[in-house]
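Across the two complexes that follow, chain A remains constant while its partner is chain B and subsequently chain C.
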Partner chain A sequence: MSFPDWARVKRPMFMIGLLCFAGGCSQEPTFRLNNVYLYVQEAKFGEQGSYNAYKNELQSILVSLFGTPDEPKVPPLPDVDTAALLDLDELQVAAGPVRLDEQKRARGLYREHCAHCHGVSGDGAGPTASFLNPYPRDFRKGVFKFKSTPKGEKPTHADLHRTLMEGIPGTAMPSFRLLDQPDRDALINYVMYLSIRGEVERKLMEELGELDAGEKLIRTESPEDFAEDVAYIKEIAAGIVSRWIDAPSRVTEITRGPTQWDITTSRYESEEARLAAIEHGRRLFYGEIANCVKCHGESALGDGQTNDYDDWAKDFIPPNVTPAQVQELSDKYTALGALPPRNIRPRNLRRGVFRGGRRPIDIYWRVRNGIDGSPMPAALMKPDGAPPEAKGLTEEDLWALVTYVRNLEFEAVSRPPEHLVENERLRP
Partner chain B sequence: MKRITVTMRTSTTGLLAAVVLAVAGCGSPQTASNGAIESSLVSKIDATLGGGGGAVAASAAETLGTPDGWATIKGRFIVRGNPPAGTPISMGENKDMCPPATTETVVVGPGGELRNVLIYLEDDIPDDSAEAEPLWTHADYDIAKNADKPADELLPQQRAEVEFDQKNCRFLDHMFAFRSNQAMKILNSDPFGHNTNLETKDKARPFNQTIPAGGSVVYEPGGTEKRPFPVSCAIHPWMSARMIIRENPYFAVSKEDGTFEIRNVPSGVKLGFRVWQEGAEYLEDVELNGEKTTWSKGKLELQLDDGEVRNLDVVVDASAFE
Partner chain C sequence: MAEAKRAPAPRRVSEVRRRRKIVGRLWSLLFLSVPILGVAVFVLAAGDIWPLQKHWLPVNINEHGRVIDNLFMFILYLTGAIFVGTGLVLPWFLWRYDAAANRDPIKYSHGSHTLEVVWSILPAATLLFIAIYQMNAWADAKMRRPMEPGPDAVLGTEDDVKQPPLARVTGRQFEWRIQYAGPDRKLGTRDDLYGVDDLFTVNELHVPVDEEVVIQIESEDVLHSFFLPNMRIKQDVVPGMKQFVWFKANRQGVFDIVCAELCGWGHYKMRGRLVVESRQDFDEWMAQEFKKQEAVLYSTSVGE
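Showing the complex of A and B:
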């Protein structure tokens, strides 16, 4: 039997693929279970293989709270107005298959624009993910790096919107400026939804460690137990939602700019003032209070402390494991859907490429608050009214650091090497 | 029917190949590992979701009863057999010349004395220590009342502020417990900078801040943590400790000699404790005062008599740390 030539096969294959896509498969798309985190919990608290028994229950709880990729739900929760945070109409614009509605407006935006990298489940493991460095964000941890709020707080809608507008320089994340504003809002809503859903999933998996053998998350035998367990799960979800609702009230407001700063031109008043700020920032960079040098290196090339992992990899790589153990863990969890862990590199500050943006306020927020999910700590600030010998940075110090860091790319040493005579080639 | 006409025009081999491909694409084995949705459970949960508000949690007094006095829990943790020794830490690039160290996952004394075991009351109880006659949290634990006493006369649980220090690139307390209404002063006794990263997971505020040589910073948790969470330092990524933050004062960490003591525990009521150690996670199969006992998920239920001193001599088999 000879295999028919490609041209003859591809059309029916395409058609069958299309059939499948348009509902030919009996199953609706489902969110992928966070198997990595499930088995991390199992390794801690359970017998090997025992956590398989929880999968159906986990999926069922999550479906009843959050629906499916085609039909998202906004769960009613105690004490929080979930519907005010997650707009179901907007979620439906972003969710589901790529399509046009009756007015010919694009729908299924998440799958059109995001899912190939971030995955249908928001797990950061879409089909392109393994080709990218850095990997796309896994939203399910509920941790976002580039934001205006302190460590541990959620980003605001405006923070996520900035990421969509600007993209993330130095990564594969592009700008989505060309979408309409309502479409971007719908996508931000959907990212929040995926993140909340994913974080609830993780919390439920953490709860498994508390259960006795054979016990379930939701006891179904008596109506009282059932109601109590469902209420407990709703409380967990409400706790996460409330942190998202609170984010706008947690923004680190800028109380003042540098002195000798002309607010109308957004420049230092004089070149002397700017150079003085750079020199002050340089001393702080190498000094023991800001201590930037420890990770970003003597050279500021990001070559200081380089063998750490980010918090996503730390989910399955504990501290103080040998390279052989890292390999073993990597093999185990990549088989379950994790991407191979990479060391997190402190940013090379001489390139002038800053992932969270290069405006002074962007760098200010990174230094002031640290970067969630990464080893980057927040600056130690001198409390108001502290004695002069107290350790810590002042607002003025922070702005000097910002000015110094922003200037690094313009230092002579940051430029590519000058061309060398011995490299000259004569044209034939 | 047009779609079928199109496919019929092509060769059967092509069709077959395409069908095989399509089927393989639809029902991948991952679905099995993904868990199935049990529609009966979904609709049952859905039925309770409509109400909006969750069930009101019964107050602690209703579920736990009324205490009739105070008792003490003390004891000791001993390991039988040879637990895994700490392994030397690879420090990689160590510009701060930190001294060599070994991991502290399991630390035992010469007689098997197990250090850094955490025992804590898991049940939520009311903090009534400031009331005239508290029943749940003994007046000794009222932080405000103890404010003017010298710190060394107080238990850590009685102080307004506790200290968490690091020296020689090591957290001095590998397992640290404190209360959510206390402040924790994080110190750095090294001649170089650290950053302390509290990787909280529950209601306490996460924290990751630089702490310069000889410096300190005060952390206020603002909430409790249900379980121990890791503490780390990004500048020296091998540094590691565990921490828990509770509202009530009924917790202890076993000392170098394996002993611990919790004073003024409410008596006459059933109290659910947990016993946890980093290398074993929850301590489950133990010998308690000479008798084999299983603490499922480290759960230990105690009901004490007024004035009683309950002794818990716990022997853990070394296999618990495998």
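Showing the complex of A and C:
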């Protein structure tokens, strides 16, 4: 047997070598454009024609402001101290490919721990996303559910940190408690960065509706026009950043708990007080003002209404559309990268699984501030000094609701059937 | 006239035999390297020598783990001796009876009845011995959950009850959710005067040292395996089943909890921390965490 002729082997060998080489240096990842929102805008305002033409300009504006997944940038913006919110060093710890630095510390944390679900762009559409229910959060809307600030406000660093520490029970979000504190801080920073970037992107897409046909977001005809347009875009970004910076001052502070609550033991002073609070909470739950029953259902199993969508799906599913239209919209936008929309389910309150945390203050915030991005509204509060017959809830009412909701899991009807005992054996 | 093409000289028989002999010797040595390298791996790991430092068993901190370690070492020595024995005999046969080197005439044998009996009975007896020897260890680890005095308050009587679990560990993709039973020592209940009395944490299991601890294991989604390497405890977590493990830690410190059953793409990151501390520290930690859990006041200045 003789070896095959070198000339005959040369070409396949070369091809294999080329393939190995190409595999070794895969393309640098980029932030994916929010195509879903772009075409939602086109459907809304696209009289001047297809929005395809804006894609390149949008990308280049975003890259010049925020950089790339490997090289994030903190844009200098007028009137806000962006650098105080987004620390570039921390962003670089979280950004880029997974690697070790000179001191052998882990870098590229976002891609290691988050990107497979939340996506490199923070679009909540990573490779594993479609297998999860609920879907991972799309940060680009700038909306976060579990936080201490009122509806419409941004979460604080502490809020996001709590989510990282505790995970979100009932969803696929696990706890990252075993990461070091600086690593968690870097990840929170990067999530804020992705969220701000995504929200600027959305705002720019909304601006497209204002343009005339053929006009660009940044006009280049004269230096004055150019400067004016750049300043305008920076103003948009500054507005978003300033709301993140303001978040800590918007926290709903809680200065008093329920009356008859013993702070030192974290418990009600007496069983009568607790039962009275539960009874009061029950009346509110089924009452007209709080009206929890409307969505969470007569049984509190979360079966009151089950055909609504969350705000992320509502981006492309307008209210009051028929199922056929939903299917049509869903087909159109899933082709553009959206995940198939699912109905949002009001929480089953009898399972004792609280996504936003099970502490009394967590549930208090949910009741008082509502849940951003979901149909859960903020509580209608009675203004200070209002007459007793005025419509609204008092602090005491809120705490009664919290106590009632926290007690639901202990009602006999909520208890699941016992497991079969397996590796136990009766004493001989 | 052009030089006639010369046919290659026929190789001599002795030359062929010589080459075959070299190949045979090489194979013998290759097979000899198996027991040598195999033993070397164990010696380096057990002796904590480069390049296999920290590859031997993690330190055992469980009172009940010793019997498992003893069983492990006993079986290791037994199988090790047989491994070395067979590993040496095989290359020796290859060396001694290589056809290229061996001029001895072939001897035919129709078997030895005595030998057959010996190599049937000896392994059977050994396996039977291991099977009986491990029964008690298995029962202690999996069946005989620690008891505590029942209504008559004397341990070792008919009224004794099984020790209730200190906490329930629920595996889910990809973390360990932990729920402590609280002062009434019952899971998922509330004391009469109080609201919730259970403490909820995640990925961090605190246990008191020098005490029998029972942990209840459940799964929320798929198969997991609750593995405490330092406790010599590994229990598959099966959805729909409630299982118990118990241990008595004899050393304070921070140790690993890992998932030992491939449970999904994030299996590798399903890790937790086991903190063994004194009873006093444990009680303080519980009280402090409980207070945090039940806090009703919040101000950014106090904050997290």
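Note that in this section the second predicted complex is superposed on the first by the 386 of 428 C-alpha atoms of A that agree within 3 Å, B and C clash if a C-alpha of one lies under 4 Å from a C-alpha of the other, contacts with A are read in each partner's own complex, and residues count from 1 in each chain.
As a convention for this text, contacts are C-beta pairs under 8 Å (C-beta built on N, C-alpha and C of every residue); 3 or more make two chains touch, one makes a residue touch a chain.
On a predicted model such as this, the values are computed, not experimentally measured, just so you know.
By the document's definition of touching, neither partner reaches A:85: not chain B, not chain C. Of the two partner chains placed by the overlay, only chain B lies in contact with A:45; chain C stays clear of it.
By the touch criterion defined above, A:400 reaches neither chain B nor chain C. Within the superposed three-chain model, A:363 lies out of touch with both chain B and chain C [touch as defined at top]. By the touch criterion defined above, A:116 lies against chain C but remains apart from chain B after alignment on the C-alpha atoms of chain A. Look at A:58: by the touch rule set out above, it reaches chain B but stays clear of chain C. Among chain B and chain C, the chain that touches a larger number of residues in chain A is B. Common to the chain B and chain C interfaces on chain A is no residue.
Of all the residues in chain C, the ones that touch chain A in their complex are 142-143, 145, 147, 160, 162, 173-175, 177, 188-190, 192-196, 200, 202-204, 218, 238, 240-244, 265-266, 269, 271-273, 290-300, 303-304. Here chain A touches chain C in the complex through residues 113, 116, 128, 148, 156, 158, 161-162, 166-167, 169, 172, 174-175, 177-178, 248-249, 251-258, 261, 263, 266-268, 270-271, 274, 352, 358-361, 364, 399, 403, 406-407, 410, 415, 419-425, 427, going by the rule given at the top.
Residues 3, 6-7, 10-11, 13-15, 17-19, 21-22, 25-27, 30-31, 33-39, 41-46, 48-55, 57, 87, 89-90, 92-93, 95, 103, 192-193, 195-197, 199-201, 203, 205-217, 227, 230, 232, 234-235, 237-240, 281-282, 296-297 of chain B are the ones that touch chain A when the two sit in their complex. By the touch criterion given at the top, residues 1-4, 8-9, 11-13, 15-17, 19-20, 24-27, 30, 32-33, 35, 44-45, 52, 54-61, 63-65, 75-79, 151-152, 206, 209-213, 218, 220, 226-228, 230-232, 234-235, 238-239, 288-291, 294-295, 304-308, 311, 319-320, 322, 370, 372, 375-380, 391-392 of chain A touch chain B in their complex.
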